[in-house]
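Two complexes follow with chain A in common, the first pairing it with chain B and the second with chain C.
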Partner chain A sequence: MLAANFDWQFIWDHLPDFWEGLKQTLKVAAIGIAGSLAIGIVLGAARAHRVPVVSWLAATYVEVIRNTPILVQIFFIAGALPHFPGHPIRLEPFTIAWLAVVVWGGAYNTENFRAGFEAVPYRYREAGLALGFGRLGTFFNVTLPIGARIALPSTINTNASVLKNTSLLTAIGFAELTNTAYSLESESFKAAEVYFALGVTYLIVVWTLSGLTRVVERRLALPEAR
Partner chain B sequence: MPDWVDPVAHYMLHEGLKNTIRIAVFAVAGSTLIGVLLGTLMTIRFLPLQSLLRLYVEVWRGLPIIVTIFLVYYAFPTTPYVHYRFGAFTGAAIGLTLWGSAQVAEATRGAVQSIPREQHEAAAALGFGWVGRHLFVILPQALRRLLPPLVSLIANIIQNTTIASLIGVTELLATGQRSIERLQFEAGANSHAFAIYTALLAVFFCISFPLTRLARFLERRLV
Partner chain C sequence: MRRIGVAAALLLLAAAVFTALGAAAPGGKVVRTAAPLAKPKKPAKPKLPPLPSAVKSRKHWEIGVKCDFPPFGFIDVRGNNDGYDVQVAQRFAQLAFGSKKKVNFTCVTTPSRIPTLMSSRVDIIVSTLTWTQARADQIDFSIPYYSATGRLLVPNNSSVTVPTLSGKTVVTTRGALYAAWTRNCFKNTKLLEVDSPALAVSAVKDGRADTFMFDDAFLLGVATQDRDVRLTNDKFLNVPWGIGIRKGETAMSRWVNAALRYMKKRDEFVKILRANAPARLVSSFLDNVPRPKNTFAYPVGKDVTAICP
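Take a look at the complex of A and B:
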């Protein structure tokens, strides 16, 4: 029991609103996690195998994204690209939303997977080549299955961060969970109730995601790490 | 350089960057003090205390920082028993401190636990109590492991001060956005959004890049 003037009924009545916002958050987060994992594997491989040009571009991409605030990146996509000199780029709010988190998470996952692929002992790759696999064959049959599983624990943090960072999309008015709460508060003035419910919702979702990915991690862990 | 650049740069650096650094200094200092204290306490084997500290860490690490800041700034004034209204600057600094202290606490716990037990025993044999043992023997050694995450924390907190712009603090991002609006108002359709947002990215990069490099260097050297 918090106190008599804490309006539980208000939270209960507005659960459907929270659910609408949560659906948008989960949708963007799902695209964000999938997309950033894909970018991470491709560019991480390019970095680990020092593919000319691609590796250098990937390193620049990683440093730029990791050393600038994601909020400024979101505003850059939403507010600066439409004024790109000579060639304005206007995107749908939903496109901006998933693009921002994919680009951000991709940079972090590139580092995660680069470290994972580099941790695969060189003799494993030599063994793959000796068995007659080409360079790509060695990557898909040796480096990827082992290196991705080494990288898995560090990608878990990135996944959770991608989910949490979708909350910043409220700044451009994208109607995800935080934005829903913000609008609800500004029309009802029930700040304590709204943000308390918002915090609890995020904790449930973030903790569930971390728990689920930890189960997946344990299932996929390398035999010697089990 | 076009005419508009000079006053805008002056405003962004003297008003915006100053506030960004001010918030960051408070948040980094607060996070380090609270985080090291809580992280050290987390190594005590006393279940109620351990679960309480674990809850603190998991809650503030689990919440997006923007939600923490909204809680402190918008929700606290109407929360029963709290009813406390912070200014936007203080609210942002507290929100960042809650998040940062949770990060530091987790890192400190790991660093303290990595110190061999013999060090505790030797310090105890020399007559140090729990506090003296940790303050003068364990933490100075744990600092080696703690330094790289602390340096990355500074970079992260500086980046995350941009969230303060959403509750109306005129930090770097907010001053940039106000400049864009003012220029658009004065010059009509001729928008400087692209130039100013690019400049914002560049300024943050110049601050953050040396810090993340330093963190990586320390990690390689010290651990």
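Take a look at the complex of A and C:
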């Protein structure tokens, strides 16, 4: 039944619409992945090295984000912040979009990098200190290059999730890929065509992202693990 | 084994008793209220075509209405469906079965209403359904029973109007005419599409959108109750609403159209309007309802969303 009525022409005609949505998805995902990696490295280092105060704040942040649904976080940024008593924060839909995925991905990456940095054997750091590096120097020359590469496989998962989670931004009407498809379906009633095209698009994009990062991972893999 | 058999028999018996009680209760009530009322002043029975057999044998309507769209379809403080659309549906129940209670309402939203109709979960939808060619390709429309105009809802201090939409963010509900119109006519305008009008109002109040583009009837209600927002003077996309019927159900179309014509002739839509709109706003909406001398037509053959200001 599906095959008989399936309107390929419809998908073809609406490729520009999908492309518009995909552009927004990719933009938000790119900021999301870059931002969450940055947060992850900074806070992951603070957690691994038990930097006072920052480490505790990071732990609270990670627990809050990891124990609430991202949909709730999106609604919170979009709906609760504008009514913050005394200091309302009104944000553009695009800002809400990337902020939501950066905050979410940052929490997961903090844990990924914390685990990576903690996996660097202590004797390596001792060696760095013995060579005359300061604490920061040891981090940038020893812990970061080794620990980040240990953390890489798990950050790939988080990156893919950041990309996929942008679809939840449809809840606030942000015109990313899923929202575009959903709206297209509401106007054309071609549910099979629209959601089939949507699924295939995500599959291709996420697959490509994972493939690319896997190449990077292989290139950067620690010599002993190869 | 025997114990299980006894238990099963007891369960069956209990179920039978419950269904019997459940079936008896509403039935008894209807007889009691209908009998004394029906006899003394029975209005001249309208000559309507025969009811579609599926509805007739079920002895009540199944109708899809909005539940988030005051004053057309909403849930009142007692939890009952009410509004202009709901009262039109109740009038159908009265015309078909002699009691306005002979109708079961299903809540639908703008994106869900046509799928709900097409999957046969309801007989018809009376759900603020503006006529469009794309929709008319999917379902049949009755003759119009209301005509809405698009307006802009903006914060009080805003200077946004239709000619100055460029670079602004417009919010509207998903699947609405306004979304397609904005996309077609305002290339530099950002569009937010949300699932309910209430979400759209909060998008404007939270600063995520500059204006909410929507039907006048809904927006007037918001603007009269909320001092932070107002309507601009722009009016656009004046297209009538119809009742949605599955394609090819001619008996249904014939009955619904006859009922609507009967109501129009007796000026009943004004009565329904008065029952739902705030008194001071009724006069500004008198042109929006069908009346003996006020007839609407669908813009057949024209894509209204492609006609730009």
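We take it that the second predicted complex is superposed on the first by the 224 of 226 C-alpha atoms of A that agree within 3 Å, B and C clash if a C-alpha of one lies under 4 Å from a C-alpha of the other, contacts with A are read in each partner's own complex, and residues count from 1 in each chain.
Everything that follows uses one rule, which is that a residue touches a chain if its C-beta (ideal position, glycine included) is under 8 Å from a C-beta of that chain, and two chains touch if they have at least 3 such contacts.
Fair warning: this is a prediction, and the values are worked out from it, not measured in the lab.
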{"item": "Which of chain B and chain C A:196 touches, first, second, both or neither", "value": "first"}
{"item": "Per-residue contact with chain A, leading partner among chain C and chain B", "value": "B"}
{"item": "First (chain B), second (chain C), both or neither touched by A:71", "value": "first"}
{"item": "Touched partner set for A:206, first chain B, second chain C, both or neither", "value": "first"}
{"item": "Partner chain in contact with A:188 - chain B first, chain C second, else both or neither", "value": "second"}
{"item": "Chain B versus chain C as contact partner of A:5, first or second or both or neither", "value": "first"}
{"item": "Touching partner for A:79 - first (chain B), second (chain C), both, neither", "value": "both"}
{"item": "Doubly contacted chain A residues - partners chain C and chain B", "value": "79, 82-83, 182, 185, 189, 191"}
{"item": "Complex contact set, residues of chain B against chain A", "value": "58-59, 62-68, 70-71, 74-81, 155, 159-160, 162-163, 165-166, 173, 177, 180, 191-194, 196-198, 200-201, 204-205, 208-209, 212"}
{"item": "Chain C contact footprint on chain A (complex, rising order)", "value": "78-79, 82-83, 90-93, 96, 172-175, 179, 182-183, 185-189, 191"}
{"item": "Complex interface listing, chain A residues touching chain B", "value": "2-6, 63-64, 66-73, 75-76, 79-85, 160, 164-165, 167-168, 170-171, 178, 181-182, 185, 189-192, 194-196, 198-199, 202-203, 206-207"}
{"item": "Contact footprint of chain A on chain C as seen in their complex", "value": "110-111, 114-115, 118, 134, 138, 169, 171, 174-175, 179-180, 190-194, 199, 202-203, 205-209"}
